[in-house]
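Chain IDs A, B, C and D follow the sequence of writing; residue 1 opens each chain.
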Amino acid sequence: MSHNTFGKMLRLTTWGESHGEAIGCVLDGCPPNIEISLSQIQKYLDKRKPGQSKFTTQRKEDDIVEILSGTIRNGEDKFITTGTPISLIIKNKDQRSKDYNDITDKYRPGHADFTYAKKYGLREHRGGGRSSARETAMRVAGGAIARKIIPEIKIRAALIQMGPNKINRENWDWNLIDNNPFFCPDKDAIPIWQNYLEKIRKDGDSTGAIIEVVAENVPIGLGEPIYGKLDQEIAAAMMSINAVKAVEIGAGFKTAEMNGSENADEIIIDNNNIKFLSNNAGGILGGISTGQDIIARFAVKPTSSILKKVRTIDSENNNTDIITKGRHDPCVGIRAVPIGEAMMALVLADHYLRNRGQIG
Amino acid sequence: MSHNTFGKMLRLTTWGESHGEAIGCVLDGCPPNIEISLSQIQKYLDKRKPGQSKFTTQRKEDDIVEILSGTIRNGEDKFITTGTPISLIIKNKDQRSKDYNDITDKYRPGHADFTYAKKYGLREHRGGGRSSARETAMRVAGGAIARKIIPEIKIRAALIQMGPNKINRENWDWNLIDNNPFFCPDKDAIPIWQNYLEKIRKDGDSTGAIIEVVAENVPIGLGEPIYGKLDQEIAAAMMSINAVKAVEIGAGFKTAEMNGSENADEIIIDNNNIKFLSNNAGGILGGISTGQDIIARFAVKPTSSILKKVRTIDSENNNTDIITKGRHDPCVGIRAVPIGEAMMALVLADHYLRNRGQIG
Amino acid sequence: MSHNTFGKMLRLTTWGESHGEAIGCVLDGCPPNIEISLSQIQKYLDKRKPGQSKFTTQRKEDDIVEILSGTIRNGEDKFITTGTPISLIIKNKDQRSKDYNDITDKYRPGHADFTYAKKYGLREHRGGGRSSARETAMRVAGGAIARKIIPEIKIRAALIQMGPNKINRENWDWNLIDNNPFFCPDKDAIPIWQNYLEKIRKDGDSTGAIIEVVAENVPIGLGEPIYGKLDQEIAAAMMSINAVKAVEIGAGFKTAEMNGSENADEIIIDNNNIKFLSNNAGGILGGISTGQDIIARFAVKPTSSILKKVRTIDSENNNTDIITKGRHDPCVGIRAVPIGEAMMALVLADHYLRNRGQIG
Amino acid sequence: MSHNTFGKMLRLTTWGESHGEAIGCVLDGCPPNIEISLSQIQKYLDKRKPGQSKFTTQRKEDDIVEILSGTIRNGEDKFITTGTPISLIIKNKDQRSKDYNDITDKYRPGHADFTYAKKYGLREHRGGGRSSARETAMRVAGGAIARKIIPEIKIRAALIQMGPNKINRENWDWNLIDNNPFFCPDKDAIPIWQNYLEKIRKDGDSTGAIIEVVAENVPIGLGEPIYGKLDQEIAAAMMSINAVKAVEIGAGFKTAEMNGSENADEIIIDNNNIKFLSNNAGGILGGISTGQDIIARFAVKPTSSILKKVRTIDSENNNTDIITKGRHDPCVGIRAVPIGEAMMALVLADHYLRNRGQIG
């Protein structure tokens, strides 16, 4: 019953509201004697940080993370974990809430306003309160530490579709992703997305996106049947990210159209190594990692806060309409890229710890 | 760390191997004073039962479920739950394992053979052992009891795509689903699927499918932010089903292509009732049910056991090839329909119990 | 929220009522490739079995345990675990319930009748239903398997006090415990207890007892601060046994009377080995095992079912009185000896698995 | 696997080391719309605060608690919970660590130094790091909020034995406990304890104690069989407190000496109310609350840090001896009184939430 906790052996508990004093997390279960640095955590936080370009919200957050416990300082920017809970905090600085005054009593379609108000009997309307994607900053921070637990596994993600615009997978270049505002791996797609998003933004509208997360060099044997399957927990991880409506592993929904003979990932011995001739399974069979790359994809719906007028009701059940002003991302999926990476890191580190001493 | 347990307040623990003496489950957390009947549980088991038509495996299983604890008998076919763990058992009758002799040492591509062998250091090759979909019979049995905990919620599922063949949603007729071997809701699709599957079967091949699960009359407020979101747990539930590679909620992957203004599910007061003008969210906002229908879709990959020869290796790392004889479903997705319903029932009943005393 | 499940990595889920068709358990999380035998499990069950002497209930139970899943048979009485859930069952044979007819509507003081009826709104009066100590047979069976996970640790228990009669610790002889009906380690105490219990039994009364459980050869480092402390989980384990009202570790309640200088377990290097000069801590410091013997003690209250008349009420809130006929142990603490051992084995094996790959 | 988390529905996760920058906790699962005040939380913290009299450590800690999330401010000292995680922090102010320099490499007998060093491979020697009782400040803060969830239940505790000196229960006066430095309910015991402790302190020694916690006005039906028993979880709660070595419920260890007829808590209808004629069960039968007062008792061993020289080893396995300077309580059991109350509040509030909607 851990509503604000993710993981089994490595447990991330997050707290804080978007417009409160601070947000933070407790990462419990991290082994001792792991070296971490604030600048490395900050590097991942910066990827997710708003205000990076005109394509992300102009809310200015420095998002400076501090470590309050669980480590011993071992140099300027070096900390050694001690095996005790790691407490991280980010103080909120730019809590401009006047933009939200107008919407106080109206439910924003697509937002959690309506369901939170009905469930909890009160409403924290400023910026979504706890339901704001600001919570995901702590996932990114936790994920940065999780990576240190499994340093041999390489986890990267890219935006592969923005609105109706897909990348050409033939062009995939990982080196590109940190050099464009979209984490796009296809140089041809970048200018197209740029124009597309510019138009969306000017229209006061927003658009959806698809993110692909890839984990390389995963050991064989991570994942627990029957209800602790690796793909099950990756699906849960990705679906827990704000605005995510779909997730797939490997060939995903495409497998529905395939024949068994097409879908079979044949296995051969090649130069004394086990080699799979394809990866429709996305690196997971029977819920357990095969040693191939793990591939997960998830869809992020368009930002619900838009400048276009939509019909809604207020808390007194009156019909009305709403334009959601404020500082919003036209494609919130962009900032979901580092979050998807972080969730993959948290799942894999958790499963690594669950299997420690058992698999190679 | 509950590898063989699903749920938090309502916990289904399953046990048993496909070719062992029996399979069973313990359903813990069911409230007292609920009336259940074996014939009702059996009805759902029969939907999943193999050997129903030439389109499902010819393995004959009567799948007769027995109740060993947790109830007081209250009539011929009536049992009253007592609040103690409900133990169900199905004795295996038709454990024909000679068909599997040939494959003893070969890994079947797409199967869990390879990963189980690597993880556990031994291999239960007869019919997949624990990784066999036979385990899902207990999910169906557990789901049948879960439905009784939330009798006001109606949960149904249908096959909406077989291989490349989609239904026409305009034709959707729930009355059809129990009257054709595919749980198909579109009368026009039935003959097409029949021909398609006949051909696949004759080819010794298999095909994938997509299942849609719909829950109607769901109360507002089920689901727990941030890491107990209703959609997160539905995703985990569906992804835990054998051969499932993708899951989506509401408009799912389509939301990636949408604008925010299209995607917004506008809200109005209509005749004093709250009414949403669309349901792209699939009945869930911020991880909490809105009161709309909950809609989940998942893809089942084609059966991995096929009569076509594919390349593989044996346990000694020799190159070889394999034809998987035995009695296999050409479209295992068909039998996933009642399993998807059961998982939805388990998730919703679990969340209902987690919220008992809190929401209307 | 695992009301009928004990443990984290090694999870014992029990089910069944005392007068139902069967009782059973699912032991999940047992590693693969461990050899177990039914006769060994049976040996521990036989220690707990009723009807062994006139000092235990005359209810005849063969308590024959069967394995339904989780193993591969490897010889007459040999089973190899596979890493999947182990399902054990004991069919109830001697469910004589007519003795209970009289008590149907009366609450038996000291029994769970009253609280179960109030909590669940119904009453399973035959032999206590789920609250019967019959459930503990499955703990003993599970504990027998748990021992195999940690074969180097030796776990034994003894009755050290019956009513007001204590053993003389100077006489402690482990070899005695399996050779008297009381698991008594002091030859001088045996005849005294025999006379005492005979008198109690003739009086239709019952008496309490204290059990001491000792685990030898425990590795250093088992136990997790802050809320997964080894002593905390041992306390929970023992207190979960029926009729237990107190538990202590090491010097226990005596530490309240001690000075710090007396209580200090001094440490020396003796012959290159770390040696503690005393063991007031009972082998646990800061919740973590020190490598010394772990010592736990628990008190079992006198059997509540007695032939002496006591005042009570019935379910209609009428004053009445009750004599609890049936077949009851005059000192239920005797049969708690193998149960205490089993719980210690379950806790230590669980912690061993939680630490696998981390400690020596 | 929640090593630093206590509770199921109401979950307290604590973090922080005694001599780090801060300590804190996240209380997850608190219902919305509960009014709390910092001054009330502070009141309980002040009871536990060191430096209150010469009988507690002279370490000066203001222990000023701050709320970082989970509430809406509703007045000077009023906060309304929102149902989201409540993050509390206490900044450490007086981290004088020079006193600890001498002990760097020596293991203090009775402390967690030895086991932490062996388990984690490193040592946080300043003040015990995570194993310090400073962690319990957050339990007290969390317990103060837990009380607000169950306002009808009254939870109080008292010190009933210091070293060999017991109170006279006939003198019990709850009004006394907040008016003496020992939380002593017996006016005659106060001067005796004062002299006793003064002598102990001058000797550089320490002494143990017994605390009794009483919860009044508990509803019938809290507690979950079989492994979520109320007494089991109270035992775990108390045993998780630093230096606790024993716990008992109701008559506890005394039940071992009793006959069944003495031990039976007879029930009568008195003036239309159910009334128990005694409370040997301590308010719990079959793991479920009876509606009587819940009574738990626990023993706290003497403070391990003493000014008397004891034998020990250093981290290089050399024989040595140690005098633990610093500022230590001669009877650490005194400050365990508010901690015991807090743990009882956390357990009862947790069980209350687990049963919400089910019992009266």
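Note that in this section a residue touches a chain if its C-beta (ideal position, glycine included) is under 8 Å from a C-beta of that chain, and two chains touch if they have at least 3 such contacts.
Because the structure is a prediction, the values reported are computed rather than measured.
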Common touching chains of chain D and chain B: A, C
Furthest chain, CA centroid comparison against chain D: B
Whole-Å separation of chain centres (CA-atom averages), chain A against chain C: 46
Chain centre separation in whole Å, for chain B relative to chain A (CA means): 27
Length of the line joining the C-alpha centres of chain A and chain D, rounded to whole Å: 39
Per-residue overlap in chain C, given as positions that touch at least 2 other chains: 1-5, 8-9, 14, 84, 119, 130, 225, 358
Chain B partner contacts - residues on chain D that touch it in the complex: 1, 31, 84, 225, 356-358
Residue numbers on chain D that touch chain A, as the complex places them: 1-5, 8-9, 11, 13-17, 20-24, 26, 28-29, 32-33, 68-70, 72, 80, 82-87, 89, 119-122, 124, 129-130
Interfacial residue positions of chain A with respect to chain B in the complex: 1-6, 8-9, 14, 107, 109-112, 114-116, 118-119, 130-131, 135, 161, 163-164, 200, 205-210, 220-221, 223-229, 231-236, 238-240, 242, 245-269, 272, 274, 277, 280-282, 284-290, 299-306, 308, 310-313, 317-319, 333, 354, 358-359
